[in-house]
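Please find one structure pasted underneath; my questions will follow.
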């Protein structure tokens, strides 16, 4: 299922092709996954999204594996099956062990449970957790 | 706002008090936050939840800071303000730097954006990301 | 916080007043809660929503208490604090005991946890659970 | 997958058939999509839902295309794949161009991103955005 | 689709097998559904989750049918297709009639609608619904 | 509540100040709302987010009012109270009438209701709504 046709390489506009070239160069792989092939109908959003992904998921204070695990956690909470599959694969490719994956899932489940308990009970935030928004 | 009264120490049942004692011992702190005071009306759920939290958030393959950051990410996606405040405080207490926090937030936002783009486009999962569920 | 002013009785249009009259008659109470006072700016949606609520929450196969408990469960999952407060109050008014409330919360939390585990693992639906959509 | 059998025309109750007749008349088409065929097991909810859809999506202050685009946006945020497919098709049928569709998706993604950033940061609402709920 | 292989009986670790034995004994059935076969990669989470399910869904103040219906309601709100299918089947097995199922769905839909109306309008909680969190 | 201090103008880094200057210039207003003051701790995300907002919400195929209304719809579905308040204010500033606002809310509520009905029933997508993802 999809709401647009996935574009093959020879159906890309020049603008979309330039982004695909960069994806291939940065990832050192010829494989371009379906997300980008769906997004390629709109080269402007394609480029902005790819640039943001490079920025956000590139080198920084957190290591690449942790970044992908955070991406998986959010994707589960949002119920995006595609994203779960692609970022779980990416996390494994970046070194996530099965033990770490098990703990990730357990934390996501646990957080979901306590998130809902807290919300159902309407628990007020403790003074101790507050940061003064203004002086 | 709350749907139950938060129980003070002298309003606890014996069963709830035993859990509070364990919380204080494990955390090496006298402070017991409001979540447990709301949950204390139901000692069975209080005990089960606390035992699960100890299991899931205790020593394992992932370090404590990463565990708390995953908890924060899920809590943001579920919109639980209390949980966001308590686990952001916990992540900081376990060493999360402001640079790491900034990256965490950026990843949560980025994942939310691509989760919705993918869902809107109905992108089919690439063969490359599939794990055979059965042989 | 609100995005519209809550209308007091003497600010209602004739159409909105007629709905308020029916709310008071059906509920046998003079109290009209804030939801209807916010919705009263749009008498058409006010009337349609009130009529639907009467239909859905009125006498049927499920008893009124169970209906309110289902309403609370969904409201927690959607993170609607107002709805949680109003329908928890309604469930209590219709006989929900604190023991039942504790179990409701425990189920909502448990479902949240397994929902996310299942989604994270991408578990395929068992044959045994399928209903043939078409012959 | 489905939790009920989809009803074909000759399996409808008289009440459900009457609603199907109205759907066909209003839409000037013989095609009745699967949603209504699943809902037809419960003629009361079928009728109420169809009447509400006619009310909400019928002529008003907003044009039909904009209404469908809002429906798509909400359906993406709720992760309802069926609804995304049916209302994206409806929006296109009512004149949504591919350029407009691209912007719709970009806005949904952008909103998702900033929604989560704001929630994660716990940003307090500015005075300037508040409407006084009461005088 | 799945992110792990579903384990067959002869692929289970000793720890996982012990949980499967208990599932079969408690349910008085040889059938073990896919959720547990996916979770079996992590015997610790498998055991904790199964023990929690037994606790939460076992005998209590609410009858088994009502418990399953609450589980279905939450699973719909979280968009977990697997969970919807498995718990709808369980609710039917525990006596949920089609009339009750119709009302459950109508309530979930109605709650979703008013949850979003309330959230959009930012309705403040009425004094009458508040429980004093602290004295 | 907030997890970071909101930065006043004289607490901004040079990088953050440059973004604030651009916000003020583009919006032709001295007012910079709290979202940007919270985000200002991370000038990189501040700049990327502001640039994306300008791109996505700037002139295009859809008019500014419709864009803001889509933003409001998504923010309601995600339960972001701050975003609802800020973008409802923006939509009104760009010409949204109260009649249009009433219809927006009604559509969001209606979509939420049918989204959940469809999800609960597990309705399969009609052939007629499918776009071939690949030739």
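Every chain is named by a letter (A, B, C, D, E and F) in the order it is written, and numbering of its residues begins at 1.
Here is the rule we use: contacts are C-beta pairs under 8 Å (C-beta built on N, C-alpha and C of every residue); 3 or more make two chains touch, one makes a residue touch a chain.
Predicted, not measured: the structure shown is a model, and the values here were computed from it.
Identification of common neighbours of subunit B and subunit F yields A, C, D, E. More C-beta pairs touch across one of D-F and C-F than the other; that pair is D-F.
Farthest from subunit E in terms of Cα centroid separation is F. The interface in A-F, B-F or A-B that matches B-C, meaning over half of the contact pairs are the same by residue number, belongs to B-F. Taking the mean Cα position of each chain as its centre, D sits at the greatest distance from subunit B. Inter-chain centre distance (subunit D to subunit E, centres taken as mean C-alpha positions): 27 Å. Put simply, the C-alpha centre of subunit A and that of subunit C have 33 angstrom between them.
Between subunit C and subunit D, the centres computed from C-alpha atoms are 19 Å apart. Residue positions of subunit F with contacts to 2 or more other chains are 1-4, 6, 34, 44-45, 49, 52, 55, 74, 76-81, 84-85, 88, 102, 104-106, 108-110, 112-117, 119-122, 124-125, 130, 133. Within the complex, the subunit A residues that touch subunit F are 1-6, 8, 34, 44, 48, 52, 55, 125, 130-135. Listed in rising order, the residues of subunit F touching subunit B in the complex are 1, 3, 41-42, 44-45, 49, 74, 78-80, 133.
Partner subunit F is touched in their complex by these residues of subunit D: 1-4, 6, 31, 33-35, 38-39, 45, 49, 52-53, 55-57, 60-62, 66-67, 69-71, 73-78, 80-83, 85-89, 97, 99-100, 102-104, 106-108, 110-126, 128-130. The touching residues of subunit A, when paired with subunit E in their complex, are 79, 81, 84-85, 88, 98, 102, 105-106, 109, 116, 122, 124.
Across the interface of their complex, subunit D is touched by residues 72, 76-77, 79, 81, 84-85, 104-105, 108-110, 112-117, 119-122 of subunit B.
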